[in-house]
Amino acid sequence: MSLKNYSRIVTETVKKLSEQDSYNGLFHQQKDDEPFPSGEILSEIVGITRAILFPGFFGKSIINTNTISFHLGVNVERLYELLYTQVLAGLCFGDGCSYYEHCLNTLREKAKKITEHFIEYLPELRALLALDVKAAYNNDPAAHSTAEVIFCYPGLRAICNYRIAHKLLKLGVPLIPRMISEMAHSETGIDIHPEATIGHSFTIDHGTGVVIGATAIIGSNVTLYQGVTLGAKNFPLDEQGNPIKGIPRHPMIGNNVVVYSNATILGRINIGDNSVIGGNIWVTEDVPAGERVLQKK
Amino acid sequence: MSLKNYSRIVTETVKKLSEQDSYNGLFHQQKDDEPFPSGEILSEIVGITRAILFPGFFGKSIINTNTISFHLGVNVERLYELLYTQVLAGLCFGDGCSYYEHCLNTLREKAKKITEHFIEYLPELRALLALDVKAAYNNDPAAHSTAEVIFCYPGLRAICNYRIAHKLLKLGVPLIPRMISEMAHSETGIDIHPEATIGHSFTIDHGTGVVIGATAIIGSNVTLYQGVTLGAKNFPLDEQGNPIKGIPRHPMIGNNVVVYSNATILGRINIGDNSVIGGNIWVTEDVPAGERVLQKK
Amino acid sequence: MSLKNYSRIVTETVKKLSEQDSYNGLFHQQKDDEPFPSGEILSEIVGITRAILFPGFFGKSIINTNTISFHLGVNVERLYELLYTQVLAGLCFGDGCSYYEHCLNTLREKAKKITEHFIEYLPELRALLALDVKAAYNNDPAAHSTAEVIFCYPGLRAICNYRIAHKLLKLGVPLIPRMISEMAHSETGIDIHPEATIGHSFTIDHGTGVVIGATAIIGSNVTLYQGVTLGAKNFPLDEQGNPIKGIPRHPMIGNNVVVYSNATILGRINIGDNSVIGGNIWVTEDVPAGERVLQKK
Amino acid sequence: MSLKNYSRIVTETVKKLSEQDSYNGLFHQQKDDEPFPSGEILSEIVGITRAILFPGFFGKSIINTNTISFHLGVNVERLYELLYTQVLAGLCFGDGCSYYEHCLNTLREKAKKITEHFIEYLPELRALLALDVKAAYNNDPAAHSTAEVIFCYPGLRAICNYRIAHKLLKLGVPLIPRMISEMAHSETGIDIHPEATIGHSFTIDHGTGVVIGATAIIGSNVTLYQGVTLGAKNFPLDEQGNPIKGIPRHPMIGNNVVVYSNATILGRINIGDNSVIGGNIWVTEDVPAGERVLQKK
Amino acid sequence: MSLKNYSRIVTETVKKLSEQDSYNGLFHQQKDDEPFPSGEILSEIVGITRAILFPGFFGKSIINTNTISFHLGVNVERLYELLYTQVLAGLCFGDGCSYYEHCLNTLREKAKKITEHFIEYLPELRALLALDVKAAYNNDPAAHSTAEVIFCYPGLRAICNYRIAHKLLKLGVPLIPRMISEMAHSETGIDIHPEATIGHSFTIDHGTGVVIGATAIIGSNVTLYQGVTLGAKNFPLDEQGNPIKGIPRHPMIGNNVVVYSNATILGRINIGDNSVIGGNIWVTEDVPAGERVLQKK
Amino acid sequence: MSLKNYSRIVTETVKKLSEQDSYNGLFHQQKDDEPFPSGEILSEIVGITRAILFPGFFGKSIINTNTISFHLGVNVERLYELLYTQVLAGLCFGDGCSYYEHCLNTLREKAKKITEHFIEYLPELRALLALDVKAAYNNDPAAHSTAEVIFCYPGLRAICNYRIAHKLLKLGVPLIPRMISEMAHSETGIDIHPEATIGHSFTIDHGTGVVIGATAIIGSNVTLYQGVTLGAKNFPLDEQGNPIKGIPRHPMIGNNVVVYSNATILGRINIGDNSVIGGNIWVTEDVPAGERVLQKK
């Protein structure tokens, strides 16, 4: 290859790629002063939140009860700073940026309010996750201690990301919740849509391949094993043949339900309290409370 | 433990590990001046390619339409530099290195040619991925915008890596394509063999556990859900009882096919156009066009 | 938001989070001088071990047969240093730290002994993994070389982490083995409990979603495909209704068994030598030697 | 040391350090949304500026004449982004922050204007530094090429930082110019105050220990050697006995002057055109044009 | 070069370098569990100390008066952890390691005590540096604010390192103080021996080339300019002709003294209170209080 | 500033900076495949060389006499790899690149030979530096041990870089030696030209401001203090009025000479054996052996 040839190819390819027709619909134009959604910062946000909720387990410092408030104070402040930029980034992104120039200050105010609300929510979030930790320990005969659960159970990590993402979504933040749940999906193979509603004391064991859809509603004390799908059966189409967005289409799971590995539960059906769904099962109709549904042999 | 004991153990262990019998077949001897396949560099290559294809979504800079060509220019050049080293590394690796001394310059020329071809392919690659983005948006009622698809859908990420890897494989690069698809596999749980042939407007939703085998052929407008396997049924053995390599052994999927979660389709069978394969299904025989195959209850 | 408001919220939230009732059971108090289990260091440990076992494949240096012992020597020493701190961290963690002050020196001695044993085990570990590499190459028609298997097969990576973790567990190290196997789980979607017993020449292909339980026993020359579960059927409960820990509850798999994708094998059952378990199957009873169990259609 | 003792000491020390009397006058309170002067970012700014001015010498990319504008484009944009934040940081810092709340938007506008001016100044800055490079090459018999001067002469690096800092100071930026010149001071031992006025074709050889004061004025084609001081003789005091700030108090050096090593020139005196000042000399009175001042023996 | 030749050279050179005669006296053997003096950690220690002493100026967080104690608390704890390892490293190093095996626990106790003392000294250190800041501002007509002095005056940085190093030396720490002062020397060109005794309100302007010897004693309100040496005149030799270590051999400078640039003051002489020493002067005899010593012309 | 204005300014400035007239003489065009001189890599080279020469002092590993050859082996190999690229980079740079296309392979061979020679030189280099360490310890009453000298004396660091750079220069490497000595200059303020000739047992104390010119010749057992210049008096001009390059123009210093701080010795003069040059002295004529030259008072 001569240098001339190489230069020609680079120049021509760049020219083609710079034509508006080529990048139309694939180009994100960001405004000046506008923060950008950042996987790295979100990863730091999740890390700091975990360090706040489970003191001494994450982060590099040795903490004792006399000095715990120093560490919590610095972490809460740092969380505030980082979360604010990402909430603002999400708001700008969700806004379509169309009337951006007139409202950046409005979005800033909104981002600060949302961030404050999230900070105030932390003690409640900790209490909720404490129940998830306890449930995971009780449900797994292989767990030696709650510390082991906190330290290395992927199910807990996915639930922690979900609970953070769900709160942000409820506070009106676009995009960011989805990115936070995708981070857990990539790390654990557990895909919980942040819009899903999930009760306390929730356990996912092993977890790879679990999918929980956007409109799923899950009660308390529910346990899922790997490969469980809580999905949609089919999508009503609009007049143009496109799926209608936003319709409830995922299962409602009652309290104290166990769903074994690779079971697939589809559609807006009810799985009653205290029921058990066996592994590798395909369920598309309501299951009464207390029933055990197993694969026929 | 005395220091003496420790030194003895280290010294003896190192001695054992340094014996040729011990490392035989597990040792990769690289030549001087020969670049090495590097996961880190391949990760940077994929990142830059995505920054080129979807300007403004990836990378840290703010881009506008006036300055887009600067960014594309620098990224295309950087891609050239990095890709060249990895293509060359793949060629050297694939070559078994047996007659390496006489042909490094030949491999360098070949690597440059391949890299040039890939650079020239970028506009076409972008057009192809634009169709995948559009398909993912249309197929998922939970998607708010194509931007969200580009930004955080794991299915698109896996398809993007596949399309890069497939092109490199077609251009004759050993090993590197497999490494690129394994990177996506690790990140998303979606395992697409780079040799597979896949049409335009391809969607994978959720995706964890999807496996697409090396000789699979997939038409256009196909949608797969999590846990779908397009696998081989069994492997014809040669006279020594080892599987014969390179025989077509994976399914051929027609156009406009939907395969729901955890379905398993095995063997060199035909799944006809416009058919629907239900979840948790085991398919080992041809499915006619337009048919809906569901799990019996 | 006024600065005043922000300060009030931070201060009050930190106060709530610092109350002992809030962090009770979620707080890990580490002692002075006590090393901490570290995912980063464990990741480096696994990396160095792989560099020792497969010289020239991992790590950044060019190695030849004359200088291989230099590299092995430095890596073995570095492994010793790092592993010692993590074994000690695991011992302290597992100890509940209750009588820590009187026994740190005892734990240090123990950690050194364990680390020495692991170092001495390296040549045997290499021999074992050499058989796994060979089996993976022989079982996969798409594999071009054993080098490709070593370089990019996720199944081998998961097995490698398992064999390291299993040895450490056998040597009496708490927590650390579980962390090492979770690292592979996150990276590959393959979840092998370090307590499981697995014979030589073991292959996992594709692998996403594979789960192998703590009391599973697997023979030699066994092959598993993606999504296979070797799980527990149910857990005997104690008088308080909690699962009894430590009871054998996972399958025993014979020699030369193949289990196809997404099969689920549950409970303390026997899967006989030379048997074949088909995909998407649910098995809860013994399978005789040589039998082929397939899904009914 | 008991843990109790340690905790008491930390707690008490923190309490003392947190009292307002202790940190009074030593505490910098930054406002929300306000960028902070950052040595790291300034270092990147200087690096990018050098990469723009001397293409191909700095930065990691291979550049050729066909693609040079891509690289310049990306670098100029990046420089704009980074410089804007630091100019704004400097303006906020200089402002004493007293009436900050009402004027952040004004400072933002001002920062953008200043940054634009600096960007427009780049071609002129390059032309100016080209003369400095040429002068350094001509004055040093040990220099093999202008490339060597650009690549590794500390004198040129200090002059480059000075010319950047001086322009920013002239554009009204507080603090930042001083930080940029201190960076060169730390790296090269050459301390040029950014307020000093220096003509074209300026050379400093070796340079360690050179000090050029704030009100010094230096003509064209001037050469200084290591250890030269252009300083103030004494400082007029105000009524409180403090030095009066801002009075011209450093030398004025004519054109084509050479000052040899460790010479000290003090006070608002004139050193005439074409004069030569010998090494280790102490000069506090005017020197006529063309004169050679040497140390008496 | 053939590979064979290369291997031979490497192997032979390594063999020569590994002979004890070759590395005799140049080899530092560290014990197991013994921390090592680390420039990186010392750099972090100095950075944290500055962040504690001058809140809001250094470090990346935004601090306000409500939350300042959180930040100080975390920083003081971190300082404790890091400083303890380096104090212990210094004690082990200084000990010659000869009877190390019996006394590591003793040295640990000693390191903890010293670290505690240093932590308790922080408020006093801050008060002392506050006077240095004020003096630097008052003495330099070019200084716009004390903030500018704190933020970018190399003289203050060198004095800060000196005051840290001097305290550690007084507490009995070997080696580490010298390393801390060398860090400032490298960064600022100011070389203050940590054994020197220096009063309050000390100023060094510009500073490159300043040398202050180990037995120098400097009063309060002293100002030095660049290139000033406070050195030894000659060294009494012992019977073997080697310099006798530890004899007072550097000047004693009174209060309120100014020493202008490049002055050299040598030997155990007295420079009286309120005196002024002119630039480029060579002083080897006592100077009475109040006298102005200038270079003869 | 409107976005329009900003885009216009960037575009126009980039256009101006991309014109050949603007960057003429300031542009370094590197060839494909050609390594680039890299400060980062040179810094690593110097670090590894020091780790080889002074085992256990630098680098992060604990070394004992049993395992020292492992560490030396790996370091010598790594040094070979890195040094080869930089020697090649220097050769390409020095070549002016004019007939590059025909001779890259020749330069590669040359680079390998030079690198081999340097590797073989290491034992001799260590022996030489051992004498410098010993001399520094003997000459400084403040030095507690040779370990302290190795660990933190800037003079030794500068001499070490000089001896590395001088050897590479003698082996015919352009540019790289100068970069290595500039690294020490920046770090220590000591500027030794790599062409200078310096005997064994050389000491520089404190060192800031020391300058040793390219054609200086220094005997054995010489000690210099801070600020000493061994410079050129004047430069013979050629017919165009430019300094003639390459003429001997710096002093020749005999054996056992001491030069005190800030002395300036200029021109091709002889400073006889065993002589002493006092501080702040200006010497331009020969000094007989054994004489003490002091400043007149």
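Labels for the chains are A, B, C, D, E and F, by order of writing; each one numbers its residues from 1.
As a convention for this text, a contact is a pair of C-beta atoms (placed from the backbone, for glycine too) under 8 Å apart; a residue touches a chain by one contact, two chains touch by 3 or more.
Note that this is a predicted model, so its numbers are computed, not measured.
Asker: What is the touch distance from chain A to chain E, in steps?
Answerer: 1
Asker: Contact counts by the stated rule: is the higher one at D-E or A-D?
Answerer: When the contacts at D-E and A-D are counted, D-E has more.
Asker: Shared numbers divided by all numbers used: is that above or below half for chain A and chain B, i.e. same or different?
Answerer: The interface of chain A with chain B is built from mostly unshared positions.
Asker: Just how far, in Å, is the C-alpha centre of chain D from the one of chain C?
Answerer: Their C-alpha centroids are separated by 56 Å.
Asker: Please work out the Cα centroid separation of chain C and chain F, and write it as a whole number of Å.
Answerer: One centre to the other, that is 51 Å.
Asker: Nearest whole angstrom, what separates the Cα centre of chain A from the Cα centre of chain C?
Answerer: Going by mean C-alpha positions, chain A sits 26 Å from chain C.
Asker: Touching at least two other chains at once: which residues of chain A meet that condition?
Answerer: Each of 3, 10, 14, 32, 62, 64, 67, 69-70, 72-73, 77, 189, 208-209, 227, 262, 280 in chain A touches at least two other chains.
Asker: Name, in rising order, each residue of chain F that touches chain D in their complex.
Answerer: These residues of chain F touch chain D: 1, 5-6, 9-10, 12-18, 20, 22-23, 25-30, 32, 36-37, 93-94, 96, 174-175, 178-179, 182, 185-186, 189, 191, 193, 195, 208-209, 211, 213-214, 227, 229, 231-232, 235, 242-247, 249, 262, 264, 266, 280-282.
Asker: For a test of understanding, state which residues of chain F touch chain E in their complex under the given definition.
Answerer: 52-57, 60, 62-65, 68-69, 72-73, 76-77, 80, 109, 112-113, 116, 119-120, 122-123, 126-127, 129-130, 133-134, 138-148, 150-152, 154, 187-189, 206, 208-209, 225-227, 261-262, 278-280, 295, 297
Asker: Please name which positions on chain A make contact with chain D in the complex.
Answerer: Residues 3, 7, 10-11, 14, 33, 64, 66-67, 70, 108 of chain A touch chain D in their complex.
Asker: Can you name the residues of chain D that touch chain B in the complex?
Answerer: 61-62, 67, 69-74, 77-78, 81
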